[in-house]
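Next come two complexes built around subunit A: one with subunit B, the other with subunit C.
Entry: the complex of A and B
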């Protein structure tokens, strides 16, 4: 079974998840404050989370290709399919951009002209944090990403059809992959600053881009492991053995530790220096988001660290799937607490302005949906997840599951950790 | 019970009579080890110049417990560092650094991490050398110098074996593809 087909039952489930997500988005919109803060922040949260998973899959694939990695060839098509999610990801982000130009949301404090006029700090940052940069930065950078994702995918599929013994396709892929690494590395940082870090418009951290990208990385690995486990349970990917899962598990373990390292590095430097402009970020989260703040470390570091430390837990479906689910939701919570406090602060200020002008009062400080994720947030997440998987599995069914002319296929088939 | 313990005791002190075969290729060696196990031959040891994938399973070796040693030493290291700093900064010599509380957990984390790694690494090295009987001044006789270069060796101990049993081992070694068959007392 080298050709994947989405079965009807799964299709129904995924469409059901998308329907649930849409319903949740509509309900959130209907029962929201005047600025629809909860709706827009949920939308941004999920759009950023899943687009980032697509980006990281592309980046990791480029890194593996450049490093001459042989082990992952049998699961390469899953990475490829994931990287193609950048195309719908661009559409998701376009909605945020349109909303920004149309004044439909108050996600970003710096996009509010009145606020910037009265704020020297935002004025100082306005050469980067402005609507043009956000729009064209997103379009150009994501355009480049999509170009590379398509390039690598096209070459890989062509190799299946007309691969030659001199591995011409693979050599070209290696050049494109190597070219993408510095481009992807730098542009992803700029994207993280624009999309995520700038919701706390006054605050910045030089470590933030790494920290957010690694959060994406771990989520992508977790979701890839779950996808592979699902495909294997359906009888596909027979070539993938426990050895490949073991290596994916090692990546999950290693990058959970790396994430904790970055999280702590950012926290400790800010805690040590104790400068008010910087500590405000953690003060807000420790005071108002204690469950997420400490839960973040428990779900994304302590649990994967202790569970995946052993050799055998990385080789068993039960533990690997359990940890993948924990860190997938864990990093989704991580992005929740990256985005919500800043957006909430911006909305409070905007609503206060509105109150002065006699407009309606909001209730943006209600805890559910703002301080901790509520059922609507979970439903929205499942909706986006359903859409993500639907697209990705659809892409997966468009090519053979095992790239038969890849020069590293033999190595991957005999992989032994 | 008494007898087996006694044999073990004499074996440890007495010099070993070893019959060994040298192979040119690790795959041939691996086949030979599989065959020896299938024939219920008692392998003394296998020597290779580099790690051979699948050899551990072929020889039926149980999984190393070195990583458990590493975890225990790491935990000891973490506790040592954390409790020591706690004692120093709250009981023995409390000093305020940068307006922080005496018991400042984030500041303790880097040192705790470092001592965890240090204890774990040193503990594993010491445990490994102890279990392998390696220590400064200990000499370990080698069967053949070429097993550190390009030869793969399968060795049987022949203390007290009859000539018939030795002949059987010899024919096994030659049948399984050994390039040379030698006997040596170490």
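Entry: the complex of A and C
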């Protein structure tokens, strides 16, 4: 079974998930504050999370191709399909952009002209943090990413049809992949600053872009492992053995540790230097969002570290699927933690300025949907996940599961760790 | 190890070697009298070492006043050299541990020399914080133990102390790792030797007989050490970066420092490996073991890490502006446009710009360009540390304390002297131990020898390409 087809039952489930997501978004919108803060922050959170998974899949695939990695050839098509999610990802981000120009949301402090006029720090940043940069930066950068994703995918599928013994397609892929690495490396940082870091418009950290990107990478790995496990349960991907699983598990383990390393580096340095403009970021989270702050570490470091440390847990479906579910949720939770407090703060300020007299600073405990993800957030996430999988599995069904003319196929088929 | 090899992989051992020839080629340099090149190189290197001893004695006798440090510039060439050397000392363990985890077969050609180099570089690095203390004979104060000075404890909150632990642990584990790998090879040398030489090598190889049980123990020890060194190699430069980043000094306090220092360390480490291997393979006739394929792979790592470092430079520059924090902005303005602008230009051009020529395959595979670039990177990475330390301290808080720092002859002599120390140790190493891991190269012969894989293998096995199945 080298040709995947979405079966009817799965289609129903995924459509159901999307329906649930839509329902949750509508409910969130209906029972929201005047700025629809919860609705828009949920939307941004999921759009950024799943688009990032698409980006990082492309980036990792380019890295594997450049590094002559042979082992992953039998699961390469899953990475390819994931990278194509950048196309719907762009549409998702366009909604945020349209909302910004239309004044429909108040996600970004810097997008509020009145606030900027009264704020010298935001004025200083305004040549980067402005609507034009956000719009055209997103369009151009994502356009480039999509171009590379398409290029690599097209060459890979062409190789199936008309691969030659001199591996001409593969050689061309290698050039495109290598060219993408610096481009992806530079542009992803700019995108992370714009999309995510700027929700806390005053705050800054040089490590932030790498931290967020690694969070995406672990999410992508977890979701890829889950996808592979599902496909195997349906009888596809017979060539994928426990050895490939073991390597994916090692990546999951290693990059969970690496994520923790970046988390610690950022936190410790800011804590140690104790500069108010920087510590406020963590102060806010520790004081007002303790579940997010500590939960983040538990889900994304403690659990994967302890469970995946052993050799055999990386070679068994049960444990690997469990950890993948934990860290997939965990990194979704991490992005929640990155986005929500800043957005809520911005909204509070804006609402307080709107009603000058009744303004109360130093807000009480944040509501559900900010303090922790509520049921509506979980439902929205399932909706986006359903949409993501629907698109990705659809792409997966458009080409053979195993690229038969890939020069590394033999290595991957005989892979053992 | 997987037996299927992709037809597009280049062979890593050339010349259709047999197992015996491998032993012969790699062990024989230790059995011959040294060549003239070696003797001249050794004389130059030991002259450098003598200079080091002289400048060290001068520093102790006259005191730190013989250096050009002043009130604001408390760290100058000394700490610049320390960070430079410790960065170089990353490649060996990276190659032995992390490339092992990534199953990169080309590591076998260079791991031995790189690990040796790591140890020597860490030894050079360790000199500087000690000398910098001024009273060298009180150096043991850095260790925490109940003492009669109060008792006066070390400051556990200080990243400088974490450095002591990180570097000493790293040195110990790297040394063990290197020596463990050497044991079977030293036994090979012993088996070929006679008389006293045989006795010495027998002692050094712990009576290795090559029994299955020995190999089994060897494998598990190697695995444990690889597991230990992977986090260690990351931790060392991370903690070195903490020396700067935990402070509140603009230009030093930035969160990207830990991963960026690690990337820079790998970058400079590989550059030094290239410098050494290009010479070693030529002098010892090891071109068939350290092939152009190895050199190309290392050049790719240099291109990659150089670009990562470049992303970090630009991120720092951008965020300094973005922060809206005027002191941070000034620190970076000063780096680029201040009196030390030339060191910033040196850093940017050597580390970010010039490695970009490795996008061209021809240059990646050119021994000449590899050597030139490796020197460029070594210089660039030295500048990087000088930019961070020198330019920042020369213009810190009070403009009335600003000054321009130039090293004294003692400081220059100490730096040149550690180069002498480094090369003396490396030259001795190349005489007494096999500079390529004999046993490990033999392990990959069947999957990477040119009689089994690559274009020439087609002729021998015209059945189904070069994929060899066992």
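For this structure, a couple of remarks:
Throughout what follows, the second predicted complex is superposed on the first by the 407 of 417 C-alpha atoms of A that agree within 3 Å, B and C clash if a C-alpha of one lies under 4 Å from a C-alpha of the other, contacts with A are read in each partner's own complex, and residues count from 1 in each chain.
The rule is simple: contacts are C-beta pairs under 8 Å (C-beta built on N, C-alpha and C of every residue); 3 or more make two chains touch, one makes a residue touch a chain.
Owing to the predicted nature of the structure, the values given are computational and were not obtained by experimental measurement.
Applying the stated contact rule after C-alpha superposition, one finds that A:124 touches subunit C and leaves subunit B untouched. In the superposition on chain A, A:416 makes contact with both subunit B and subunit C. In the superposed pair of complexes, A:185 makes contact with subunit C only, with no contact to subunit B. Of the two partner chains placed by superposition, subunit B and subunit C are both touched by A:272. Once the two structures are overlaid, the count of subunit A residues touched is higher for C than for its counterpart among subunit B and subunit C. By the touch criterion stated above, A:160 is placed in contact with neither subunit B nor subunit C.
In the superposition on chain A, A:311 makes contact with subunit B only, not with subunit C. Judged by the touch definition given at the top, the superposed model places A:349 against neither subunit B nor subunit C. Counting contacts as defined above, subunit A residues 268, 272, 274, 416 meet subunit B in one complex and subunit C in the other.
Residues 264, 267-268, 271-272, 274, 309-311, 416 of subunit A are the ones touching subunit B in the complex. Against subunit A, in their complex, subunit C makes its touches with residues 2-9, 101-102, 231, 234, 238, 242, 245-248, 253-259, 300, 304, 307-308, 311-312, 314-316, 319, 322-325, 359, 465, 467.
Subunit B contributes residues 53-54, 63, 67, 71, 98-100, 106-107, 109-110 to its touches with subunit A in the complex.
By the touch criterion stated above, subunit A contacts subunit C in their complex at residues 66-68, 70, 120-121, 124-125, 128, 165, 167, 170, 178, 181-182, 185-186, 189, 193, 202, 204-210, 250, 257, 261-262, 265-266, 268-270, 272-275, 277, 407-408, 410-411, 413-416.
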